[in-house]
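Both complexes shown next keep subunit A, but they swap its partner, so subunit B is in the first and subunit C is in the second.
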Partner chain A sequence: MNPLELTLGIMTAVGGFVDISELVFAAKAGSKFGYALIWVFALSTIGIIVFSEMCGRVAATAKQPVFSLMRHRLGLKLGLATLAASFVANLITCAAELGGVALVINYLTGAPYMLMAVVLTLLIVLSIWVLPFQWIERTYGLLGLFMITFAAALVAIHPPWGHIAGGFVPQVPHGLSKKELLTFGYFVVAIVSAVMFPYEVYFYSSGGIEEGWGPKDVLTNRLTALIGMGLGSTLAISILANSAQMFEPANVDPAIPGSAALQAAIPFGKWGLILALMGMFFAVAGAAVETCLANAYSIAQFFGWVWGRHKKPWEAPRFTITWIAIFAIALAIVLTGIDVMTLVEFAILFSILVLPLTYLPLLLLANDRKYMREYVNGALAKALGWFYFAVITLAALAALPLYLLTSGGNG
Partner chain B sequence: MRPDSPIKLVSELLDLPLLDVEGDYCGVVDDVEFKGGPGKELELKALLVGPGAYRTRLPRWGMWFVTKLAGDRVARVPIDKVRSVSSAVHLECAARDLGLHKSEAAAAKWLPRWGAL
Partner chain C sequence: MLRRSPLILLLLAGCSKGPEADLQYIGQARSLGAEWALVNEQANKGQLTATYVHSMRQWLRDGLTTTASSLTQPDSRYGAEICTLLAEPDDAAPDELRVHVGRLKQIEDSLESA
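The block that comes next holds the complex of A and B.
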């Protein structure tokens, strides 16, 4: 295990943790319910750590990415249905991320939103064409570390740390009306979905194969998932806590993604705002790359195509054409003029509906000694795996009724 | 596992990815072909690769959709070209020797071959 590689991997995971949906829901959760939803972030973060570690281990030992194994496990029909559902979920998420980066540049420079969506999509496509996998992952992940501005802002405003710590205890706030209770329920589901997005697992496991992981990398995988994602989630929790401290008392509803950046402007002024927006830009652009590649990985792996950005783009031609086409479709969705917040709502909803379908085969595989040999799930991974499978299944069942009853969390 | 050892076909072979001798992905085991018949010994003859091999596995409307989207070509991989079966099927020859490279080669014509590190 190379300590420099490990540190870089962890930092990349920290910078790449937050995406547009987490940004939006962390800010909204804090302004609506104070610190009461921190525990959902903590609970879901442990969930994504458990599943990422598992799929990294599957990739390192079975040497096959999740979607190849998923098709083998689910068969052609159910596999195709899962592929189609996850494609739609990832595509909408990708469109939301592209809209998000265009909005951030719009805030920073005043340049027209639609034009920026086109220009930035082209730049992102160019970056994937030019850079090999590890550079792509590191560039966006490390520059996403500007998001630390949000944690610094939280420290600077001297929040009531006791209340924040209290937020880690699972709770439902007292005295909520029936309508508010439903909205609270919707936020719980939305946060579980945003933190445990299916694209993260596809990207993480395929990334492991892109980097040539083998059984010797099982520990690196475990530490990267545990520390990187654990620290990454403190950034999302910082946004929530800032929001609870600054927005809730003033009755501010962070109705646009940019509202969160104001959290850094309050203690640090103009430079705080700029750094926060830069963090948001790279984190969200990184998520756009991840969602798009995750979709292209899934399709290529399902049909057995040559895939990966460790190869030159023309050496994996169908894979390359697929990710370019996905960016083009996602951009077309943004250019219809649909609101980014609406895209985020749809991304959350579709993703939670497909989550159980994508996690079950992974869990079955990681529990299968024939594939995994001595790296098979231990008692802890197995227990946590089934617990989280139950959590996401419940969240998936509740998602659509809660979305409809609360008009997407808007009461 | 060696290709001539007994295997539970459906659970262990179907839908596994194929890797050629250079380690490149070149399809998925979409169907299998047997020699023999009722009352005779059944012997695995070839792996069938390509969207055309979905015909027996998808409902008619699904197959119509697949054919419109991806065509209906099928490539045969004689079983003696299989080196081993694990979490993937490893072949002992190159994809192009079995005609498994055609779609990738056709797609490659659309892409420029410069500009990547």
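The block that comes next holds the complex of A and C.
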């Protein structure tokens, strides 16, 4: 197998795990609760691996992307409601990512934030227009690997590995007040949402079809989901652990995305800072591409339009107009001056509400032997699928009350 | 009444005023001050680029200004402390900034335990 075949998973995971929301959320989780939330990342990572593998297998064998399934399995009304909710969630996330990219360039070059938001949106649109799908994923996926700087920083600061390993055991820290317990609960729910963002499976399953996956690619899909998501999770946990080591003792509860880059600067100096910012730039830009294309894929698949970046833009005109329009609306949101972190909070909240409706049709189809034949879910995939469906349904029910009671995890 | 309690709690969370409502802003200001101190400390050690330092200070100051303007009781002890923090020069000594952070942390802790 060509290692470059893994880039779809790497881009999906780097853009999904270490996008602008995770950069702040993982860092905040570490500074507020030390290593106590690592298990939530680990648990959610297994969940996203299970569902990514499932949607990739469905795409490879039944040639069905997620939103096409949704219309058939949920019916028109519920399918349309899911489409509307996921559109809003992805649009807000896309706006947050565009704002994040502009912020990172502001940290790197000092160029004005608003101007950079416009220029970089145009450059991202141009890159999607010009590059074939495989080169889009390779460019953003591979350059996003600069994020490994954060994992290297963790090794360099010699953290207490035993405590980090202890963080993988499910736990609620002792001695928390009621308010802190609610905040901890909110972080659990928000991490589940951020790790299992619906746009990741929309993008991943559509990407598999863009790449022309067939039954022979089932193993590639399995490895891509496992390695890609495993890598993304390692990076997110590194940011959390760095934060527990460097930020918690300094009373820092990172409020702006730029603070995360300090984690690489403290052990490695200016070059660490620059590499971390470059990694953040490509990971967040990749997430902007993912969220925008995921939205355009969803709409096109739901309404049965011709879609895909493997076609020339004018061969799929409604799909092309849709993804350009999504970038334009997302940019307009950024240009209102709304804070990127506020966008991130809304994106997480909306996403978790959509999660059960995203994963249910996928699970039903992957369990259907008539449809999937020898590629149907085995006993383990079925059990894990229903377990994680229960987890995300509980998280979706708890999300809004916890958000309101904790002011979005701020106390 | 019991059935109504969660709804009332949710509404109170959105509409409350006073130190309780300001607690999240006090925490934000404390963190922004601590981030500012960390940036200045690393800048003094030559670990950061000048552009990053300039940019971060600007965003942190903007964040503090927004936080100060969100307080429901700006004339309070914590309001005054946040204003004093904002009055510090961009390149203030990290220890000086941490004195303000420490005071805000004390206020935060005392309000949380009240």
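Basically, the second predicted complex is superposed on the first by the 394 of 411 C-alpha atoms of A that agree within 3 Å, B and C clash if a C-alpha of one lies under 4 Å from a C-alpha of the other, contacts with A are read in each partner's own complex, and residues count from 1 in each chain.
In this section, contacts are C-beta pairs under 8 Å (C-beta built on N, C-alpha and C of every residue); 3 or more make two chains touch, one makes a residue touch a chain.
Because the structure is a prediction, the values reported are computed rather than measured.
In the superposition on chain A, A:Lys63 makes contact with subunit B only, not with subunit C.
Of the two partner chains placed by superposition, only subunit B is touched by A:Arg318; subunit C is not. Of the two partner chains placed around the shared chain by superposition, subunit C is the only one that A:Pro401 touches, whereas subunit B remains out of contact. Subunit A has no residue lying at the interface with subunit B in one structure and with subunit C in the other. Of all residues in subunit A, those touching subunit C in their complex are 103, 106-110, 177, 179, 247, 250-256, 258-259, 261-262, 265-266, 269-270, 273-274, 277, 339, 401, 404-405, 407, 410-411. Contact residues of subunit B toward subunit A in the complex are 14-18, 24-28, 30, 49, 54, 57-58, 62, 87-88, 103-104, 107-108, 110-113, 115-117.
Interface residues of subunit C facing subunit A in the complex, by the touch rule stated above, are 6, 9-10, 13-14, 23-24, 27-28, 30-32, 34-35, 37-39, 42, 46-49, 51-52, 54-56, 59-60, 63, 66, 101, 105, 112.
Partner subunit B is touched in their complex by these residues of subunit A: 62-64, 68-69, 71-72, 75-77, 79-80, 129-132, 135, 300-307, 312-314, 316-318, 320-321, 371.
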